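Structures are listed in the sections that come next.
Same chain, two partners: subunit A is paired with subunit B first, then with subunit C.
This part shows the complex of A and B:
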C-alpha cells in the first residue's frame, strides 16, 4: 500500500462518512417540530399562501427527492437562504467560520505546545515530583469545565490585572493595530480552552512516552552511548507522538464543539453563536449548514491526523509489516 | 569463537601475559524492593581476554542478562551495582559517571541485543541508526559516517548495503535486522561485544548464519565477546570459556571442552543432560527436579541444594558455597562436594525400557488429506486485489491470498506422536488449528476416527471436542486467571459430562497428582504457579475430558531446558499409560526427535518430508531437512556438523515460487524441472515420503563443501529474497 493509495482510501472513507452526516442532518432537521412555511410567513398567514410557499420550496415533494435536491445544492455550496437573516446560509457561515477556526486552532496550538513537553517531562521523571505536579495539573485541567476557566481568566487577567480585554472579537482589518488587537482579544479565550485540552494530550503523551521508553530500541540507543536527550527526543518521542496525533485531532474537534459555550462567555461572535441562533429561531437551512460545517471540521482534523500519521510512521508510508 | 583457529590453551596463555580485556571482580547488583533487596548478581567474578568468547549460560532468572547490563552500566532503577569492580582495559567502569560511560558504550563496548524485531527504532532508517553511533563516538563528517555505516552493513552480509541504507527496519527480515544490529555494534570497532541472546528470536537456519558471522568477524577483528545465552548448543559452537549462572551466582567457570567433558557442578551436569540431542536415543530425559528458586526466597545453604541429586546435609546448612578451583580439573565450581564428585558421565534415568512401538495395522485415529488453508491478504473489501495478467490478454482482477497451508497429508495412529516441524511461518500452527476445526479449511479433509470433521456442523464438532484437546505454548494466557485450577479443570469435566459433584473433586485431585502437582493445588489460581507448573495444569485440563488426541502447539518452547525435560517426560508417560495420540508442533528439532514417532517437515505450507523419526533424521533427506538438521547447534563441542547455509529467506506465501517451493534456496537444485514441476510427496514404499525431484541416492549425498561456502556470495545477490 503506497502512501497515495493510503490517502485515497482515507479520503474515500471521509466522503462516505460525510454522505451519512448529510443524511442524518437532513432527516433530523426534517422531523423537528415546526412547519417551515408557517415559520416564514407567520402564524396568521392564509392557507393558500402557505400552500403556495410549500410548493415553491418543494416541501410537497417526497422526502427523498427533497434530500437529493438539497444534497445537489449542497454539493454546489448552496445551502439555501437563512430564514432568520434572509441571507444565503453559505455567506453567513463563511463570515463566522474563520473566527471560530481561529479560536479553535489557537486553543489547540496552545494545548499542544504546553502538553507535549509536560507529558515528556512527566514520563522521564516518572513518579518524581515533576511527574506528580504535571499529573495534578492535568487532573485539574480535565475536571474544570471550559467556561469556568474562561470566567476565572477574565476575572484574573482582564478585571484584576487588566492585561487583556474581557471579551469581544475585533477583525484585524477593523482595528488600528491590525493583528495585534485581534490577538489581544484571542489570548484569554484560546488559553482557557487550551487548558482544558492540555490535560488529555499531556496524559496521552505521558503514557505513550512511558511505553516507548520501556521498549528495546530505547535500551539499545542507551547501549550505543547516546545522550539521554537524544534517547528521549530522537528515539522515544518520535514514536510516542504517533498515537498522540489522534488525540490532538479529537481535541481539536472537541474544541470546536465546546466553542458554543465559550463564545458566549467571551462574546466571541463565531460558529457557536450562529448555531445557537439557528436553533432558537428554528432556522432549518442555517442549522443544517452549521451542522454540516462542524462535521466537516471534525472530519478534516481526522484527515490531517491520518496524513501526519503517515508522515511520522514509515510503516504506514511504505505499507505495513512485511 | 576463535576455537577453530586457536585452541583453548592458546587463549589461556595469552590471558596470562596480557591484562585481561575485562576483569569483573566480586560484582554485586541488587534491586531494591519494598522488602529486602533482591540480589540479582551475587559476587560474580570472571575475566575475558581479547579474541576470546566467554559464554554466560543459565536459565531465566539466573542473572546473566543483569550481569551483562551491569558491565555496560545500564541497570535501570530500582537496580544498582552495590559492590565490586568492573575493570575494562584496566579502568573501573563501575566507578565511572554516566557521562563517562556514554563514551564507552557503543564505542568500546557494544551490545548486540536479543530481539531484532524490537531493538531497532521503527521510525528511523537503519542507516541513520548506525550513523548516529558513528557520529557520536568518532570525529568524522557526515559523509564519512555514512561510508563507515555502509561498510559495516556490507561486512555483516547485508546485500546491496548502500541501497538499503535508507530503508526502514520493517523492510528487513528478522535475520537481516539482526545483521543490522551487529553492524551497529561493529561500526565503532569495539574491543568488547556483549551479545545478549543474539539468536534466540531467530529460526535455526538463520541462527546458524548469524553465529557463523560473529565467528568470522571475531577472527578478523580479535575483539572479545561475552555471549549471554540459555542455549548450551550455542555455547558449544561459539565459546572458548563458559560461566554457568544459577540464581545470581556463578556456579561453574570452565573452558569449553572441560565443561562438556567433565562438568564440576551438578547443575551444569543437569543442564547438559536435560537437552534432547538430535543424535541420541532416550526413553526418558534425565531431568532436574523442580525449578530455579525465586530470588526473594532463596534457600539457606547452597541455592541449588533443593534440586541437587548429590546434596548432603552440609549443602543445606553450610551457607552459599564459594567458587573455587576443583582438584584435578582446570575448572572452578561453587560446590562443596566438587572435589569428590566425578560428573563426567551423564545420568541415565532408571526406566530404561525398550522403545515403544506403535501399532499401525488398524485405522488411523486422525487422517489429514490435501488440507489447505488460505487467508485473504490485505484487509477490507478492496484489500488484496491485484491485476493479474499472467494468462495473457486482458488483465483480470484477482484476489490475493496467503497460502498458509497448501496441501498437507498425514495421519496419526492411536497412541502415536506425530510431529510437525519447521521454521516460523511454515504453516505448522495453522495445520493444528485447522485440524481441530478452530479454523475452517479452504480445501481438503480431516477425518477423526473416520468422521469427516470438515463436513460436520458446529454442534457435532463441539461434542467431539472432548476427544481432541489442545495444549498451547503459553499456559499463562490460556488458563482463566480468575478461576482456581480446580475450577478450570472441573468445569471442563462438567461441560463434557465426564464427572460432577464429589466424583469431580476426586478426579481433579487425582489428575493434578498425575501431572506431578499436589491435589491441594486445586484451590490455587494459575498465577501462583511457575511456567512449568502452569503447563502441567494445562495438561491436566486437557486430560480431564479423557481425550484420544492432544494437539500440542509448541508446549515447551517457553520453558527452561530443565523444566522442558520434565514436561516432555510427563507427556511420554501419559501416552504410555493412556494411549493418547499427540500431534506435536515444534520448531525445536531436538525436542521433536525425542518425543515423536513420526515427523512431517514443513516448508512454506507444504510437507517436504514425512516418515518415522529414524527415516527423517537419516539419509536420504529432503534438501531442506538436511539444511535444517545441519543448522542445529549441538550441545557438544566435539561435534560440529558441516552446516548447510541456506540462501536468502523463506519466500512470501502470497506468491510462492513456481514448481518446488524450496527451489529458490535449495543447495541441490537440479534445474528447470524444479521450477516447472511441484514434486509429489512420494513414498519409497517404506512409508518414508519425500517431495523432491532428486533420486534417493542423490538425496543421501552430503551437500558439497562448495555449496556451503557459496551460500554467502549467492545470498549477496539475493536482495529480493530478504
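This part shows the complex of A and C:
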C-alpha cells in the first residue's frame, strides 16, 4: 500500500471516528440534568417566555433533529453561544486554544530534552547503576500525578525559593519584557507535565538504542577504531531516534489530554480551565465545544504519530490495521 | 446422548487437567517472576497496600472524621506522625483509610473494564469481519477522548461519588482492554486447538470463552495491572478536581485538594497523601512491567 492511500484510509477512519465523537458528546451532554431555557432566563422566567426560547433554540424538536442541526452548525464552525459568557463558543475556544497548545508543546519539548540523553545513557550503561537509576526515575515520573508534581513545584520553586510565579498566564504582548514573562509563567507547569512524559520517551530511546548498538554497522564502526562517542552519537543515535519520534507525538497527545488538571493547578487560562468552567456553570454549548476541540486535537496528534510510524516503518502499512 | 456424555468428559479433561508440560511452564514463569526485581518489588508494594487496606481500622490510631479544634494543622509529631489537617484530623489515619478508596476504585474499575473489554475484544478478534469492524470503530471513538476528559464528562452526568468514579473509569478503560484482548484473540484464532475445536463441532461461544480466552490471559493481565495504576491516578485527579470522592471521604486526591490552600503553612497536608499515591501507583506500574517481562508472548514462544 502506498503512503498516500494509507493516509487517505487513515483520514477516512478519522472522519468516521469524529462522527462517533460528536454523537457521544451530544448524547452525554444532553442527558445532563438542567433545562437550558431555565439556565438562560433564570428561575423566575415566565412559562411563556421559556416556551418561546425553547422554540427559538429548537429544543422542542426530536432529539435526532436537534443532533443533525447541531452537527450541521458544527460543520460550519458554529458551536452556538456560551450561556455563561454570552459570546460565541468558537471565539472563546480560539482565544484559549493557543495557550493550551503552548503549554503542551513546552511540556513535550522539556520531556524530550530530558529523556533523550537519559535514554542514551541508560542504553550505553545497560544494567549498570545509571540504567537502574534512570529507569527508577521514569517510574517515579509516571507514577506521581501531574497535579502533585505541580503543587510540589509551586511549593519549592515559587513559595520557598521565589524563583517563578505560582501560576497564571501573561501574554507576551501584555508584559513589559515580552516573552520573558510568559516563559517565567510557563516553566513550572511545563516541567511538571514534562516529568510525567519523560518515562515513555526515555524507555523508547533506551530500547531503540540497545537495538542499534547490537547491530552490525555499529560493530563495524567500533572495529574501525572510531571513538565510542562517535559510534554512539553519530551512528547509533541517528537511527535510534526514528521510532522515538512517533512516541513523542503520542506524548504530545497525552500532554494535551492532561491540561484539564494541569491548568487547574496553575490557574492557566486555557482550554482545560475553560472546560472546567463549562462543567461548573453547566454551560452545555461551551462544554460540547471544548470536548470536541480537545478530542480533535488529541485525535490529530495520535494520527500524526501513526502516520509518522507508517512512514518510517512500511511494514505497518502492509500489515493493515493489525 | 451417549456421545454427548463422551464429549463432556473430554472437555473436562482438556480444560482442568494440568499436564506435566503446563506444570513446568508455570514453574518456569514463577522462577522468572521471582528473579525479576521489578516484579517482586511491585508485588511487595501491592501486598503491603492490600494488607494496610484490610486492617486499616486496626492500624489507624484515630478515626478519620474525628476533629480536634485544639490540634489544627499541627506539624508531624509522635502523636500525629503525618501531622493534622485544618480540622485537627489525624492525617496518618486518613492516609491509611484512604488506601481502601484507592484500591476499591483501582480494582473495581478494572474488574468492570475487564468484564466488558475482554468480551468485546476477544469476540471481535475471533469473529473478524463486520462484527470486528463495528466494535472496533466504537472503541476507537471512545479512545479518541483523552481519558481524564472522558471520565470528567461521565462524572458530570452521573454525579460525583465513588461508585460513579468506578463506573466512569471502567467505561474509560474498556477500549484499552478490548484492544489488547482483540490482538491476542487474533493471533490465537489460527492456532491448531481452535481448528480442532471447530472440527469437533463446538459452538462459537464455547470456543471463544473456554478455548481462546484462557490463552489470551497473559497480555490482559499485564494491561490490567498497568490500568489499575492509571485508574488510581485518575481517581486522585478526579477527586482533586472535586468531581470524584466527596468530603469527608479520606480520598488521597481530595485530601490534597483541601490541603492546597494550606500549602505554605502546613505542607504535610499534601505531602503525605501525595507520597501514598506515588507509592501505590509505583507498585502497580512495577508489577505490570515485571509481569510484561515474564509473560511477554515474544519471549514465551522461544521455548514453547
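Please note the rule applied: the second predicted complex is superposed on the first by the 265 of 322 C-alpha atoms of A that agree within 3 Å, B and C clash if a C-alpha of one lies under 4 Å from a C-alpha of the other, contacts with A are read in each partner's own complex, and residues count from 1 in each chain.
Going forward, a contact is a pair of C-beta atoms (placed from the backbone, for glycine too) under 8 Å apart; a residue touches a chain by one contact, two chains touch by 3 or more.
Values in this document were obtained by computation on a predicted structure and should not be read as measured data.
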Quick one: classify A:260 as touching subunit B (first), subunit C (second), both or neither.
second
Give one of first, second, both or neither to describe whether A:20 is in contact with subunit B, with subunit C, with both, or with none.
second
Have a look at where A:230 lands relative to subunit B and subunit C in the superposition and call it first, second, both or neither.
first
For A:312, select first, second, both or neither according to whether it touches subunit B, subunit C, the two together, or no partner.
first
Quick check on the superposed pair: does A:238 touch subunit B, subunit C, both, or neither? Answer first, second, both or neither.
first
Residue contacts on subunit A - larger count, subunit B or subunit C:
C
Which subunit A residues are contacted by subunit C in one complex and by subunit B in the other?
321-322
In the complex, subunit B residues that touch subunit A:
72, 74, 101-107, 110-111, 113-115, 118-125, 132-133, 136-137, 168, 170-171, 181, 184, 378, 382, 652
The residues of subunit C that touch subunit A in their complex are 136-138, 140-142, 144-149, 152-154, 156-157, 183, 186, 229, 233, 236-237, 240-241, 243, 253, 256, 260, 263-264, 267, 270-271, 274, 277-278, 281-282, 285-286, 289
How about subunit A: which of its residues touch subunit C in the complex?
13, 16-18, 20-21, 23-25, 28-29, 31-32, 139-140, 142-148, 151-152, 154-155, 159, 253-254, 256-258, 260-261, 264, 275-276, 279, 287, 291, 294-295, 298-299, 321-322
List the residues on subunit A that touch subunit B in their complex, please.
1, 9, 215-217, 219-227, 230, 234-235, 238-239, 242, 312-315, 318, 320-322
